[in-house]
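In this document, chain identifiers A, B, C and D correspond to the written order of the chains, with residue numbering beginning at 1 in each.
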Amino acid sequence: MSDGDDGQPGIGRVEAFSDGVIAIIITIMVLELKAPDEPGLPQLWRLWPTFLAYVLSFAYVGIYWVNHHRLLSHARRVTNGLVWFNLILLFALSLVPFSTAYLGGQHFSRDATLVYLVSMLLPALAYVPLQQIVRTSGTQSEAAGRYHRRAVRKGIVASLIYLAGLPLTFVSPWPGIACAALVAFLWFLPKSPIDAWFEG
Amino acid sequence: MSDGDDGQPGIGRVEAFSDGVIAIIITIMVLELKAPDEPGLPQLWRLWPTFLAYVLSFAYVGIYWVNHHRLLSHARRVTNGLVWFNLILLFALSLVPFSTAYLGGQHFSRDATLVYLVSMLLPALAYVPLQQIVRTSGTQSEAAGRYHRRAVRKGIVASLIYLAGLPLTFVSPWPGIACAALVAFLWFLPKSPIDAWFEG
Amino acid sequence: MSDGDDGQPGIGRVEAFSDGVIAIIITIMVLELKAPDEPGLPQLWRLWPTFLAYVLSFAYVGIYWVNHHRLLSHARRVTNGLVWFNLILLFALSLVPFSTAYLGGQHFSRDATLVYLVSMLLPALAYVPLQQIVRTSGTQSEAAGRYHRRAVRKGIVASLIYLAGLPLTFVSPWPGIACAALVAFLWFLPKSPIDAWFEG
Amino acid sequence: MSDGDDGQPGIGRVEAFSDGVIAIIITIMVLELKAPDEPGLPQLWRLWPTFLAYVLSFAYVGIYWVNHHRLLSHARRVTNGLVWFNLILLFALSLVPFSTAYLGGQHFSRDATLVYLVSMLLPALAYVPLQQIVRTSGTQSEAAGRYHRRAVRKGIVASLIYLAGLPLTFVSPWPGIACAALVAFLWFLPKSPIDAWFEG
């Protein structure tokens, strides 16, 4: 497709479509949390691995929604690259419900934790070209520049933590899961320690 | 994330994403209403607990959508707190399809009713910090102030009714269910008796 | 809730939420069309009742989306009544995937056709108060008046056709199904014969 | 329905509803990718046909979203034809999750590949009248004319490639699948070779 850009309003529709896809991704994960057929609270308690995997992934996809929302607020026009790499990012995110179901269903086994950490890395990789596109074709203000530097830095730190989780999972799955939880926690803090570290 | 706010347009996207998630939550609950494989109206009639649980939860999530819609109409800017506590509220609401399926599948057993009432309380708790954020950073008009006072009051009354439902459920699940139905009914009335009570 | 209306922008969010719910309702029906596990085209062919029920219901929900879209374009402000009766309409529509699955799964049996026709009538009933609210509180132009007269007339004709389908179904389900198909066909025509009939 | 058009704002709601439906279509396909119950990477590896079918269909539906987005950006008003043929296009696209599940579940058998290629052709056919409507009632600028000529040309080339896949599938399913992949690849390229071929 080389039909050129459609101007600013197009970004609204890219956002709306992405919002729709991310909203569905984040919500269909709860379908894995199947209500037990038998009565009794012990039967309910057995769902904890599925529930914990759901909490982690909800936080993860929520973080991506926030990041995506901030990134696109700096975009100025809809280019082919933006549309396609945005679709690739959505595709990578759409695998999270699968790896979440696998992680919960396999009770945080080593294999499932490895698959899960890889599925955390894929959207991080897909985010890089999208960010590059917005950086070069989007708003060029100083605030945008600072935003991009911080976002790139955070993306690298998050990817390194996920990567560190892979060998740790061979020792035990829990340090691997802790890596995924750590990223969510770092993002949740009002003043990111990653920024504080770099900007002193 | 400490990248500051993105100004007013950002609220539109927070609303759009929340609308998407709430629309999915409210609609996937109908998937629990599985069409019977065998013919005959008695087989259809057996679905009544699932249907009743669906009606209650549809009203509940619908009330949250209306409240959320009103609350965000008083927000002026997208802060970190708003984004994250909004995600926490959506997470709490996303557990409603689970507790609804459990309530219907267990035919309104005591355990299932307790789980259901707790799942009604969680969004009410998650709503408190979100409302506080909009109250302090949002519109400061007198109408906004009156709105917030009324909303806080209603939130407290609703939470107290749900809490009262918990011990009542140990007597029989039906008073517990009646508490959930009562809140939906109070919200549905054009002129809330809760307001009339407090404002004379 | 008696917090008054939020002005014109609120209608956009009522539309967005309704669009989300209707989009999900119309799309989750395809999940009933389960791909056969065994190879061979005869196994595929056996899905025809489910497929036919899906086509009918997709047209039905699509018509409601179009009607809803037109109705709300005449609304001027978001009242409590509008919000709540809109939720009731969405609830009535959310039962269509259930009755569609039942109709297809029961191979257009008499009972399933009756349930289906009733589920077609419920949104028509829920539409009446919603339309009344927009009529009295919305745009008062002559075009709006003509729109409302036509819409009421069509709603009555559609309801009468569905009602006529109920006794016909006791003879054979096919006349009942034909009634549902007839309504979809009348709506699809560019110049409605219902308007031509009444307006000469 | 012959109530006339609702002016420009209506296009926004047609887009929003279409975005919602397409977002759900593209995302529910991942539900077919069911996490294996047994541990071990070989059990995971067995999912490759479902995964490959998902990748192909995600790209396919994504392409339609991009095309639809571009097409409607040239529309000026919401006509009856636009609304109804848009619904027909959405219906055709809603069958893709079914044919994708069939393709993956049948491990790319000949029958499943034929069904899949036919389900790729249906939206292409449904797109023709929609494009014609926007072409005659939409923006009449030279850029719009060039856009329409290119889009028609690409639609024809894509349909011919899918059609060519049908007889090839009788030899072996893989050339059929290659045809579906080829179309996705041609669309993904920044400067389409189809345009280069025709415009020298």
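Annotations
Quick note on the criterion: a contact is a pair of C-beta atoms (placed from the backbone, for glycine too) under 8 Å apart; a residue touches a chain by one contact, two chains touch by 3 or more.
Not measured: the values here are computed from a predicted model.
When each chain is reduced to the average of its Cα atoms, B sits farthest from subunit D.
Subunit A and subunit D carry the same sequence, and matching their CA atoms takes a turn of 90 degrees, rounded to a multiple of 5. Where subunit C touches subunit D, the two copies mostly use different residue numbers: shared numbers make up under half of all numbers in play. A straight line joining the Cα centres of subunit B and subunit C is 26 Å long. The mean-CA centres of subunit A and subunit C are about 37 angstrom from one another, to the nearest whole unit.
Counting only residues that touch two or more partner chains, subunit C has 16, 20, 23-24, 28, 31. Only residues 15-16, 19-20, 22-24, 26-28, 30-31, 33-37, 39-41, 44, 55, 58-59, 62, 65-67, 69-70, 73, 143, 147, 150-151, 187-188, 190-192, 195 of subunit B touch subunit C when the two sit together in their complex. Across the complex, subunit C meets subunit B through its residues 1-4, 6, 9-10, 13-14, 16-17, 20-21, 23-25, 28, 31, 80-81, 83-84, 87, 90-91, 94-95, 97-99, 101-102, 105-106, 109, 111-112, 115.
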